[in-house]
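One structure below.
We just call them A, B, C and D in the order they show up, numbering each chain from 1.
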Amino acid sequence: MDVMDKQLSIRNRNLTKPAVYAGLIVILSLLPLLIKSPYWLHVFILIFIYIIATVSLRVITTSGQFPLAHAAFMGIGAYTSAVVSKELGWTPWLTIPLGALAAMVIGILIAYPFARLRAIYYAVVSLFFGIGVLQILFVFEKWTNAYGGLIGIPYLLGATKVPYYYFFLGLTSLCLLALYRFEFCRIGTNLKAIAQSYMVASSVGINEARYRVIAVAVGCFFVGLAGATYAHYNVVLSYTSFDMLATLWLVLYAIVGGMGSFAGPIIGTAVLMVVPELFRELKEFVPFLSAGILLVVVFLMPQGLVGLPQLVRSWIVRRRERKAITHAS
Amino acid sequence: MELAVISLVNTLVLASMYILVALGFALLFSIMGILNFAHGAVYMIGGYICYGFAVQLGINLWLSLLLAVLIVASFGLFLEKFCFRPFSGNFDRTIVVCIGVILILETTVNLLVGYNVWSIPEFASGIIRIGAIHLSAERLITFIIGGALLLIMVWVINGTRTGQQMQAVSQDPEGAALQGISIHRVSALACFTACGLAAVAGSLMGAYLSLTPFMGSQMLVKALQLVILGGLGSIGGIFFAGLVVGAIDATLPLFISGAASQAIAFGIIVVLLLFRPQGFFGRKSG
Amino acid sequence: MLLEIDGLTKHFGGLAAVSRLDMQVNKGEIVGLIGPNGAGKTTVFNLVTGFLQPTRGKVVFDGKNITGKKPHVIAELGIGRTFQLNPLFADFTVLKNVVASFHLRPKSSLLATYFNTATYRRNEAYILEQSREILQLVGLDTVSDELAKNLPHGYQKMLGMARALAIKPRLLLLDEPLAGMNPDEIDFSMAAIKKTRQQGMTIVLVEHNMQIMDLCDRVVVINFGHKIAEGLPGEVRRNEEVIRAYFGGEYVA
Amino acid sequence: MLLKVKNITVHYGKSLALNDVSVEVAEGSVVSIIGANGAGKSTILRSLSGLMPLTSGGIWFSDKRIDGMAANEIVKLGLVHIPEGRKLFPYLTVLVNLKLGASLHKDKSGTNQAMEEVFERFPILYERRNQQAGTLSGGEQQMLAIARGLMARPRLLLMDEPSLGLAPIVVDELAEVIKDINQRGVSILLVEQNIPLALRVANRGYALQVGKVVLEGDIDEFKSTETVRRAYLGG
């Protein structure tokens, strides 16, 4: 099995992977020609946005930190951009980067004190932070209209779906490219080193605190970007999109897809968002479906959905072996 | 004066309910290494089951409470065996399992009774007068039941063989197994108790306030606050943190508008934890 | 003098794990730090490398006071170490363990790293070459593509040493380098230590296995945090207090 | 034979921890296993008490096969393991630690009697009975670990490095305690790095090297072998 994996991964590295990605982008680019339903375009656009969010979440986890405030940072980006463009009349093209930067700055500010927390302490304290920071929306009710929902946010590209579809397809591809490079250069290696053993990492001179902060800064920037663009696409914001439950869903997308690989969160997001839409007629029974997916993955696929091909492969091999044995005897 | 007494009573009521839920949550964490994110949902269905028996089926209220507790506690046994034991100590996968459980419970509630706000009838009615002070009997009974259960729990954990075995497993599972203690039995018992306590709190809170689908996640956050603030593994810490959080929740809104008080409450907690990551009474480790 | 430890003391709760320890290490020496289990040897290493803060006392490295500095700063100054329980970058390959440990020299800036500049690529190519050399030195070049967690115990120990060498240290602290090794691995590991020493490395090592004494220029014996003897390996072996600490009263001849 | 370990092989993750090891303990004897750190000594005890699954081989305790049984089931048979590092319950009192040692025994009078005997043998534990176990000194903790093991009323006591971190004078005391327990009818399988202690109390010895038994024999013969002298006494 090991040999097989190695061959496969070598082949992947050379040609298959880029080809697959290019093919995927071509197919996705052609999709609006086939799908005329604005509803389905909407679903795809949301998936693109959430892919940025979950992949940026995973960046932070590669450093061994498990943040449970990621949707709140998405909210920081979204509300910053929405409120500034609405109140000051700035163009979204300017406020979107501003929203992303706001998320990053707040991320950096908390990352320093949080760098002394480990494991579940980090997770739980960041969870409290996420809930608390969201309460600030209610304090500034005048601008955020947090209870009723913020409306009247300027559109980024008008009211039709197709331009957004291409915009987000491009943006998400760029973000993924940027984050991919981040993970697979020495910076990412250092983050993974810290996650595996922070003692060894610091004994070879890696500044643990600094790299943990870098991971958070990058993760928060990209999720802030996702939030800010979402604000000017959806043009209505509700705080429930960014609360604890929303954070937990982001985490679920990543875990169900598979935290161990770059592709995991992408696959997890796509599957967990598309499947409920496919079975929309089931209405209030849909959550059972989602729960079913969660339970199937957690019990049968320890590596998440990305581990499925290998699982199937090893299952086939085992079956073949069993057959061979019965034939022999 | 009156304000002070009211906020004191409210503090005690809230604190006793928070502690009931948090104690169970802490038991599961220290014995199985499970952060049970579904504990809030378990608390919620406790309330809804009690409501179902008492209002929809018209059964005696106290009997309904008892039935709700038994059903939810048995559900705890199921959770232990099929959802927690396979993933003990694995943070990622327990989150997934717990959210699966939350989804199933919440959706079931939605299908059966809908997402409207309901209320369980009062367990006691009327006003009790002590001098110049007026207290609702409902609050008093909630506090008395909560307080009594907590006292019983403290006695069980510290004074009985079973409780000592629970502590042993939480301090050194391998050491405990070598003394012939069955870790599975202790885990199952902890889960049974934890879910039962949550159901009591859910039913009482459903009468004291009301039943909403959000009560679960709100209580989950409280339980997390208590357990982390008190210090993992410290029962005294949970009680202390319960009073602190209860006081903040009962008192701050009297002075500052709701949202700001919430933000400040979380701010206080985050800052406390940054200075003392092991909580008030935490044993120094990790 | 390369390392000077002066009155080093560490209390855990009320107990002194290390008590007023003085110790010097000269350039080019191999010094053995020995003592029974629980004597405080690993604590000394943790104090020197910044993983623990001393209660009192001073650590001077190459004329510079490094007491209380962060571990990564001390690594940067040139002290490399291994760990007793030998944590690894378990999910990296053997080669990547060493490559990842080449964090300090040569160092690329964050931006150069991210944008894959020519300098960064040159640095990484150099690092790859150096890493292979180090693996050859410790005899792990044949398993460089294995995942570290799949290596046998003895190999993992040697990988720990390879990793410490990757920071190009001037002082190497080895915590039980021979523990859990079979006789062949012990011979091999001792040879590797000798080779590093011939290249001019200064080494302090903690070990139970008395075979290691043959390698040492000088031995410091501690028990319950106190230094009880110091001297040439031969002298220390005959020291009554040392024999008592190790074997109990009965074996004092 | 009270205990028969036949050709057991154990893996720790993917690496081989024990390779075809056989050990026997006769009723009433003290058997010592010596070897360096990482040789697999603790692994033997951990497999015996059900903490570690076997890859192959079998274990018989008074003619009953016990490999594959759960740890708490094995204790019931009278095979009691005092683990390395003691594994006390540090935040419970000495008294409660001792009571937990008798978790399996339902009869109160038997437990009380065992408790009396234990206090008689370790008066210091009686003095400290209401103190948290974590606050005892190293030597006292080791005595408590042994006492807790005795509370289970063992037929065979497995001791893993009881001398770890103890001062020489306490080690002497420990040797006396081991001999005394043995004289009262409990068989003992001792794993030690402190070779003199191991050789002093045992009737029979095994030497382990990287997961394999390289030497075994009755104690006098065992002691006199060149390998033992050279490898472990540094002479």
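Everything that follows uses one rule, which is that a contact is a pair of C-beta atoms (placed from the backbone, for glycine too) under 8 Å apart; a residue touches a chain by one contact, two chains touch by 3 or more.
What you are looking at is a predicted structure, and each value in this text was computed from that prediction instead of being measured.
The greater number of contacting C-beta pairs, out of the two interfaces C-D and A-C, is seen for A-C. Taking the mean Cα position of each chain as its centre, C sits at the greatest distance from chain B.
Chain centres here are Cα averages; for chain C and chain D they lie 33 Å apart. Chain C has its Cα centroid 49 Å from the Cα centroid of chain B.
Centroids built from CA atoms put chain C at 41 Å from chain A. Averaged Cα coordinates give chain B a centre that lies 42 Å from the centre of chain D.
Counting only residues that touch two or more partner chains, chain D has none. The set of chain C residues that touch two or more partner chains is empty. Interchain contacts close the chains into one ring where each touches exactly two others, per the touch definition above. Each chain pair that touches appears in this list: A-B, A-C, B-D, C-D.
The part of chain A that touches chain B in the complex is made up of residues 66, 113-114, 116-121, 123-125, 127-129, 131-133, 135-139, 141, 146, 244-245, 248, 251-252, 255-256, 259, 284-285, 287-288, 290-291, 294-295, 297-299, 302.
Interface of chain D with chain B (complex): residues 49-51, 70-72, 75-76, 80-83, 86-92, 96, 99-101, 103-104, 148, 152. Within the complex formed with chain C, the chain A residues making contact are 181-182, 185-187, 189-190, 192-193, 196-197, 199-208, 214. For chain B in complex with chain A, the residues that touch the partner chain are 35, 37, 86-87, 91-93, 95-97, 99-101, 103-104, 106-107, 110-111, 217, 221, 224-225, 228, 257-260, 262-263, 265-267, 269-270, 273-274, 277, 286.
On the chain B side of its complex with chain D, the touching residues are 161, 164-165, 167-168, 171-172, 174-183, 233, 283.
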